[in-house]
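Have a look at these structures, which come just after this line.
The same chain A turns up in both complexes below, where it pairs with chain B and then with chain C.
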Partner chain A sequence: MKQGMNDKHIEMRGVRKVYRFFTLDSVSLALEPGQIMGFVGPNGAGKSTTLRLLMGMISPDAGEIRVLGHEIPKAQAIAKRDIGFVSAEMRLLPHTTLGWHMDFMKSIYPEWDGGYAATLVKRFNLRPEQNARSLSLGEHVKATLLLALARRPRLLILDEPTTGLDPVARHEVISEFMDVLRDESRSILFSSHNTVDVERISDTLTFIDRGRIVDSGDKEAFLDRWRRIQVQLPPGAALPALPNVVKREVDGQFVTLTTNQYSEGLQNLIGPHVTHVHRMNLEEIFVANVMYHREARGQ
Partner chain B sequence: MNVVTRKLITKELHVNRWFIVGGALSGIASVLIAATGKTGFNVGALTWLTTVIATGVMLALYGIMNERKEHALEFVLSLPLSIPEYVRAKMLGLTACFLPMWLVSSAAVLLLVFAKDSIPDGLAPYAVLLCVFMLANFTVVLCGSLHAQSEALTSAVIIVTNMGVSIFMFTVGPLPGIEKFMWSPTPAWNSTFWTVLGCELVVLVIAFTLPFFLAARRRDFI
Partner chain C sequence: MLCIHSMYSGINISQTDPRPMYLQILEQIRARIAARDWPPGKELPSIRALAAGLNVSVITVKRAYLDLETEGVIVTRHGKGSFVADVNGLAGELKEEQLAEHLAQAAEISRLLGLSDDELAARMRRALKNLDAKK
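And then the complex of A and B:
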């Protein structure tokens, strides 16, 4: 094991995966124990590909992947003992019941917590005798989450886990994630294009678009750094050259500036014409960030 | 063999238990029908062939293709196992599902040949070759399904292997070393028999072991 790489729960360095119509390129990300990372990107950005690479279901064409200190895909069997993986697409085995799955998991994982599993069955309003084929989309997601959570894994890798869930079910599921994080040795990598869920539970964020990581960092830092500044210029006046402005929308004398490095210094530079500065929510930051990077890459 | 592989093999036996029981019962019923006379023999032979082929195809379709199509493969691959272990569990598990039905159906055929006076014992070598061919045919279907990445390719494998049964009957039956003794009162375990059996076993061994070397080394399994 390489020095310094065994502390992180996830470490990807320069990972590349080439498909005929899509390339995941130069993906590097790190997840520390006790963190929840929101992995945000539009549809087809490469979120699922990245998570499948982490699970060893597909192999990278280049780069290095380590999960819980184990090299992936080579040592995936060992790493997956401590990983709970759930994706919105994942389904239980047909012709079996949820109860059968619970017994199956119990026979594989010595850490299986039967009491917690029973609690989750009640909380998620599931029935163990229910056949997998008769489960609705939301029930499938809750059932697979139950099977992942009751193993008490050190790392949860969740691919769009709240997709297809109604608001109440989403609330239940997200509350469970928060519970998991009470144990600081655990961590969650949580992909979604639903920025509301991500904003609610994540402490770090990584944005991915068209197969590339466009930004990554602490959630609060993102929310602090990104601002939208509204300016009303007097006739004939022009704005000076401004650093860190990623978008400039002009409508007559009204200018809206989007910055990714807000500071009072920037506001002072604009001068007395600032009419309003407002914080952006995660969705606005995400969209602005993606569009800025697409323009920068000439896409 | 690790615990996850063992559990997955047990899972196959559990999930496919009705195919196993249904296939075995249908195989026995086909042989009983075949024992009722000339017309019954033809009907029974046809249902026996259909039973053995269909059970093999259903196991491959439900065990491999449907698991992939219905996104249950992601669940299986999220378990603590590697791709080679998954392939091993599939090959051993589905073969373990097919074998009881095949053994019961094959034993019933041989019992019919040796016990029924109106059926000459000379038919036994051909019956043995047909039974072993059906087993080899199943391993080819299994091997093809594990390597095929699309439903269309799996369907093609199934069609080709089904055609293989007809080809077997039309080519092995007329072989002089087989046809000449087929209706004789005693079986002839001659060199033709052993050559054909050898060929079948070679196909069986290749089809059974190929996934351990090729499918198990696939870089992407989803």
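And then the complex of A and C:
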């Protein structure tokens, strides 16, 4: 089954997975070719569970999963030929070397790009002959990323790929991710709680909290819509009812409003008492969004 | 911030800059065009190449290019890429400013020389005639 150019690389619809103490529910996701999606959530939100479902490592209790056009988990073997999966928990096998792993990958994947692998060894400052036991955490992460990247898969699924990396190493691997995206038929889904990385390189964002998708969409739209508005009211004055305000903090005459749907219309409604309108960074948006949805769900 | 990507004339994104990333890119490109470092007709880097060069998302660069296009500073030809706009947009605006400046200077000098308004207008017409004759 050949996949068309415009087909989604990832499609999840109404996916549910029940554990004794945790339920992932109504998870829907879509990733288009040529895009990077940042998958953001607090610890225990369900990020890794979602990625493991996509890889067919666990089976859903309900819902539909398609990756690169293939039904998961049924057709996972075919799909995985073109997926690179890396999790921060992965380690090279003990008593082996990176070089041994590279030879092994070359023997099973015809797409293995030896030239690119050699370039990555240099860029990531790794030594193929070094024993896995003596590698640092950061070196393990870079080595497993190298093994995934050099296969040149169409889809990269990365679970916390920059965790444990120092700032320079993070810069190196992020540059590699962006290089992959020069080709618009490739895509990346990566989970992270480093919102700085996510804000910088993602095209789309998905927020997950307590097993549910909280919000999903275009990154630029997120950054545009969310604003913090500071108001200083004259004595005795009160604010009118305002739409799209997700949080209202009042301290005497000083009010801070957080909106997820900023517009000039909203500012006009508040009137002449606005003192500042601030854009919010992704971390602020993420926290405000999660808190707002928890309140709305009565948690 | 370190400037690592000199191949794009040192366009930079700073995390401490309060402006959104797309605006930082947009304004740096606009400055290069206004300074004529990027002359009319120059091809801009492709959206994906610039995104990879700056380590920012494709959608962020796309947004900057779309806004520059709306302003008329660049033109995008489908399948061919984006180019610095020719006379319209910023280049045109710059010429307008230059013209206004030169006319103001001409007016000032004509007063110093004691020329009448008609005499100045006549000289302007003669200058135009000479220019047309050269073509």
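Here is the rule we use: the second predicted complex is superposed on the first by the 293 of 299 C-alpha atoms of A that agree within 3 Å, B and C clash if a C-alpha of one lies under 4 Å from a C-alpha of the other, contacts with A are read in each partner's own complex, and residues count from 1 in each chain.
By definition in this document, a residue touches a chain if its C-beta (ideal position, glycine included) is under 8 Å from a C-beta of that chain, and two chains touch if they have at least 3 such contacts.
If you're wondering where the values come from, they're calculated on a predicted model, not measured in any experiment.
When both complexes are superposed on chain A, chain B and chain C sit side by side without a clash.
Comparing chain B with chain C, more residues of chain A are touched by B. In the superposed pair of complexes, A:A62 makes contact with neither chain B nor chain C. Within the superposed three-chain model, A:S107 lies in touch with chain B and out of touch with chain C [touch as defined at top]. Seen from the Cα centre of chain A, chain B and chain C lie 140° apart once the structures are superposed, a value rounded to the nearest 10. Contacts of A:L137 after superposition: neither chain B nor chain C is touched. Touch criterion met: A:I201 reaches chain C, while chain B stays clear of it. When both complexes are overlaid on chain A, the residue A:L242 reaches neither chain B nor chain C. Once the two complexes are overlaid on the shared chain, A:M90 sits against chain B while remaining clear of chain C. In the overlay built on the shared chain, the residue A:Q76 is in contact with chain B alone; chain C does not reach it. The gap separating chain B from chain C in the superposed three-chain model is 26 Å, by closest C-alpha atoms.
Touching of chain A by both chain B and chain C, each in its own complex, is seen for no residue at all. Considering their complex, residues 34-36, 171, 174-175, 178-179, 181-182, 184, 196, 200-204, 218-220, 223-224, 279 of chain A touch chain C. Residue ranges on chain C touching chain A, taken from their complex, read 13, 15, 18, 20-22, 48-49, 51-52, 55-60, 63. Taken in their complex, chain B has these residues touching chain A: 2-4, 7, 11, 14-15, 62, 66-67, 70-72, 74-83, 85, 219-222. Per the touch definition, chain A reaches chain B in the complex via residues 52, 55-59, 73, 76-78, 80-81, 83-87, 89-96, 100, 104, 107-108, 144, 148.
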